[in-house]
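Before we start, here is the structure in question, set down as structure tokens.
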């Protein structure tokens, strides 16, 4: 099978699924309904895992779903009709996360907790959680635990410590990443958010502050990129599954 | 009395003590022993309150003290000999704070707590505490309560809440300001510190993060300026003393 | 009483009033009428002090008021009807300050003066003044005293010196903070404003300049944050109340 | 046991080992030989895991080792003599990594590969590798595989893909993080390095470029912080141990 | 002939064609249909080479074409009718490149390859390719070869190495410039693109990263400036023509 | 006369004196004693006006003076001996201004006042004043009139208003430029100074603040460039001379 | 007469005309028609010189003119009818400069030349020229002399050298300021323009480049501020007029 | 032959010469004499073209030369003795360019002119010229033609126009790149220089200004990188040679 599918307006990296455990993910902004539909069709046909379109607005998502599954207009009841002779499941659109996806992976053993500081961090946290769930992470979310009311964090301390990995979503000064990073031993991926005004510098302040964090071993992804944080945890979960398999296999070579 | 004393190389604002409750404070860097000695002599003579020289290294301080109090070489035993016919007390040099001062005010009723995140924040915290004590604030310090070990802050929660005002000194991501700001009801003055490397941007990240803080009503002073934070609290203490006096005086006009 | 009220889309920190002397303040932008109404209802019910919504546009405010007090459409005549079985006073909307509030505190003894440099600084100054008044500060405002016409400042010198605390609101180069800081002995909280163009860098220049100010002890809050400046002074005023209580209590331990 | 050990000049967070799986790590710069020795002694006594001092120059390290193990001057032959009645192993100093440590953990099952772009990235890569090895990761390093000579990367493709996690160390434009991130499915932690001149902006360009990376799920730590990258992978490896334990425990609740 | 044509609202540098081998190019934004038409008419009349208008939207382009060639409304069939008594060929509008041009040069011997990293880099790549073709470069384009899928680049390695010059168009972290720069010996002109979000800083990150590139001899033009990259290669191709002429001229002095 | 003098290591623009009213000025840093001596000799020989070397340290200046006037070692007594057969006056070195000059112009009618905010602004103010005096401006200086003590400025208000032009030298927040700009009607050239720390950003804050100044018509030169400010006023004074000449010439066309 | 006129929404500095030779100038953006009309009326009544409103769009200007001169709707024919009992001349609106003004000063002896680099610099150049003309400077403009076509500048060299002062308006890299600054001896005020894209950083690049200019004595005003440049030259012209008067008056004291 | 030579401390990309027409170039800073000697020996042995070490100080260069050619201490007389059994020519050290090289290519047909604005740009220009000459470009240099004295540029106009390519080296505002770019039709590579102070921002201002240049088709390399500019022109010269060969070969395929 050719590893690159040339659609004229885009060349799909079909080998990514085999190489990295997940098909290419489609970044929605700037793409037309036709382009998105074409890419999704190609990925559904030539790959077998989940297919995701991120940052896609409701109307565009609706148009893409209609185009791909013409007989099915309602997201709730959209069935497993084949498209293009290919049996794939129905599309799901998560409006808060602005995520459109097909063939989500079933939830596995790896437990991810997404923690968000304030109300305005919710959309980014929603993207992180929706992407993570779609690629098979067992995901839960905790909202509104900004550090200015420390007791709210302390109340969920046990839940934070039980997670296999955490995504911390915070705008403004991003202090939640340091606080959570100091409470748990699991991996912490911090997502700076572009909320706030003035000295927040559209998320740059939170990004820098998270890097300067006094909690060792906290890592950071790009501003507002709930998607990238979910992918980072997906890498961790894949790696741990792989390591477990290897360790549990006597004489297993890597 | 003329309100400006012209020393040739500097013009002293003698009216500042009457106008703002404290004589001019001398910023040490870039000034010679002769210049500092001349300014201090002028202030000791024409004003009556504490006289402070900030950011002055040990050798310079020693040279200034020798010049002004020639019979007294040892800071510990330096007595209240008059200089220039003016009875002023001995000089004190605080090496960690790099502060040299004369005629400190006795501690008043106003309780200031200086809180520092880590070891490298100590010099700035020391400056804040030393200046505050010299101008009459009842000052205590709490060190090493960075947010990555939240329990250390929670252990001193009561002490934080008992203060009339707090100065929070923190480098790196400066998250301590938000956490303390959320725990207490008293005024909080945050001092960003230029420690850290890389994304700390020599204190700029902490400064921006403290401004973007999710804890309402936290104010910020310049990077590394323990002095300015102490001055800010001095203003508060003066104002409260004044207000109390006014309120307790029946029919008292402002 | 549980200290956190979970509204699904937000978790309210009900303990903040007891801990910090003021209920949580609602930041309007990005919240729907339903969300604001829900939060306000929760705060009115479970807390007893003033409830504030900041940066809320007129239409949203009107919709929230209608939703909460359905029988009362006109702000002027809105009476003390109970909502949700809870006797709370009428809502007030201050259009210039973009502030919506309930149960304002009566003005206390602490006198705040808000000083603004130019015409374009008025909205920020209005927010500072309205928030301050709503939380019980005895607030007055002085406008249009930019430093380019120094006589305008000198004319109000006595009024500036009579205040217990001052908020200085200035965009462009923010020089007013230094000038006022040098004239008074009371606390000065500077608010940089994002007006101006080019080298003003949307308020960043004023923020930096206020920090670099040659007037000692001036503190700074985030760009355009009249709210945060008012909260800073509220902390000071609370501290006064606290010290008075302590002083007036024979043998009172802290 | 008290969870905080107060040494006067520092307060040690003794509970960190239990909470996060590793004792506090000592950041060397700005600390005296006495301070470092005191902290290390406290950690060796009150904790049981590896004790690390980072960014410590050779002379300081030698002085600390001499102070703690006075009978042993030579790092190679330093034996397991007890210090302070506490049987702890000899100190090891890694000059390239500027790391001084005691009681390293034995290498576990988790395989980390540290990849460095060029010669000037070696010291940061050395810190990452040395810290990782000291905390029990099975660590190997690959140097000089900058993207300008793509074949060098392709030659080690299999080794990259065999790792359980990768740390990518790169200065200048940091492109290696994107390239490696696209080749492997395991977690990739990128460390920007402050080498280069001009447009490299002391590592800020690499930091920003790594965040803007087109390879999904790559995370980033602070400039030059090999330490922080190693800690991030330590968190991942711990998470593996934790999930294994959970999976292997029938009916085990978290 | 006067070298400057004064149109009132603009002064055309008519000598540029003789001096630099190409007439002035018209930058569309901010100019009215009348102004563009006037300038184009002047250039068509007084110069003999290609006339280009860049960054011109479809409606404006259509209006200009209608104004200049009133009898011809359809771009496909627009013939070589003279305008203003001047026999010039029909206008062509390239919508993706937002380029409007007249009298394109025939393709010469110099082979340019335009390489673009991702879908969102296409408009800038299109501008580079369209301008290059219009001024006589033998231009081909390769899309969607971002470094996160390295095999896509390796597949086109031969094509890259066959080019006489390359333009690399990449947003985000711009790593493609380093990779291509390391694969070929021909000149590489890198164009940073303002796509991406957060840490991409609207193309500034890519611009800095391209400058910090580890591939020697890669040069950079302004963000999004496909036009400027094409002009840079035009200069190279002209230089070739010039050296050929010189070499082929026995005894030819420069 | 050839307009360019080629010294091998530098090409002197001899026509500058005729074109701009002043010979080239030599920027000292990075030049050897030999280079400076050579350039000065050339300028003294081929031009007739003042010859200036700026930012030159005492030792270098002394070496240059010795080299050019070998019989004269003492600046005070250095006479009008000819060098290189050319009768030129003695050299003068101003240590505070770090200026070395020959053939200063006599003071003319144009009155310049240099105003400096604080002690650390003195060296820059000294450069401005020394250069201005050397090129014939009637120069006086006022020091230590920072805006934090407004009365010091008000005391010299009349002197400020009597000047034909003013140079305002200020670091930190640079507010003095706005205040002086608002008090006088004459031209005000502001010089930001790189003193201060933290938020002063090495003079960038003052530069931006001076540009954002609310006082209309204040112009700004580069950070620390007392020289450039003096040159700006020299241009103004020359313009005066020129207009006087024109006005006094009946029927004089320009 | 009181020096401050309080309009409620603004306090006019009526003394500015006496102090600085020009009434306050009204900055249009953010002000309502009512506010502008009120301020203008106050200034027309209480001052005698030109009254200017800058950056005012056509519709607002028309509305203000209608409000102040209700009988006159057409700008061309608007006569000298009195408003508010005050005989003032008609308003003039310059659309390109976005300037509305009353009572312009007659052109004096001082010759200003405004030089602009490109087409997109025209609006800023227009503001400079219109304001300058309105306050009595004898103003001419030269457009489209960007340095990429050097001959265009050389053609106007004589005109540049004849000016008493020059304003150079340039966006992009702002090189025109250096070139003109090196050609003339008169004062040069440079205005950076926010045109350009990418590396132009909305005028910040031009601002910095103009400060770093190799042409000595060029001064700079804020980005896009044609107004401020005109005011700077107005200060120069006033000063020269004053100096001439003083010099021509035997025994005249300043 | 293996394409990578592993020296332990570095892995040499031996294939670069075949791939890109030039062996790897050694960047001196941070490398020991031993490391440089080892790399150079490897390159001399396994490649056949010029071997260059850039940014190497005189003492290090001398030590490397002594180590590699022990019998030859004097650069002038160092003969073609073989080292390591390998007949390679003597080393040459260019102190101004800080370049050490072996086996320079003979000068070819391609004429490069290096143009520098001022005295402080010389070292960067020297590096560009020395590297270019070493790799076989026919290189000449023109110094001190900054735009503030335009006539100096105009005098060399013909020489500029005769070059096959130009490197323009300029610090401060970098305007020379625009001016030269507008005068010639050949490729122009601009090098920003980190000279200047204040607003020069260590070369960043020049870099941005050169990108914003109004002269189309000028390309830019990293700050101070004379080396990179020379490599860029080397790419151009190689490409043109290649194209000529192809064009002159009847039926020649690429």
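Order as written gives the chain letters A, B, C, D, E, F, G and H; numbering starts at 1 within each chain.
Quick note on the criterion: contacts are C-beta pairs under 8 Å (C-beta built on N, C-alpha and C of every residue); 3 or more make two chains touch, one makes a residue touch a chain.
Just so it is clear, the model here is predicted, and its values are computed rather than measured.
Listed by label, the chains touching subunit C and subunit G alike are F.
Comparing the centres of all chains, each the average of its CA atoms, the largest separation from subunit F belongs to A. Averaged C-alpha coordinates give centres for subunit B and subunit H that are 54 Å from one another. Distance between subunit C and subunit H, defined via averaged C-alpha coordinates, is recorded as 61 Å. Measuring from the averaged C-alpha position of subunit G to that of subunit H gives a distance of 48 Å. Shared interface positions of subunit B, i.e. residues touching 2 or more other chains, are given as 148-149, 182-183, 198-200, 207, 211-212, 216, 222-223.
The chain pairs satisfying the stated touch condition come to A-B, A-C, A-D, A-E, B-C, B-D, B-F, C-F, C-G, D-E, D-H, E-G, E-H, F-G, F-H, G-H.
Listing the residues of subunit B that touch subunit D in their complex gives 119-120, 122, 143-145, 148-149, 151-152, 155, 195, 197-200.
Listed in rising order, the residues of subunit C touching subunit A in the complex are 3-4, 9-11, 13, 15-16, 27, 29-31, 35, 192, 194, 203-204, 207, 222-225. The part of subunit H that touches subunit G in the complex is made up of residues 117-118, 146-150, 153-154, 171-175, 178-179, 181-183, 196, 198-201, 205-216. The part of subunit F that touches subunit G in the complex is made up of residues 19-21, 25, 109-111, 162, 164-165, 182-189, 207, 211-212, 216-223, 227-228, 230-236, 238-240, 242-244, 247, 254.
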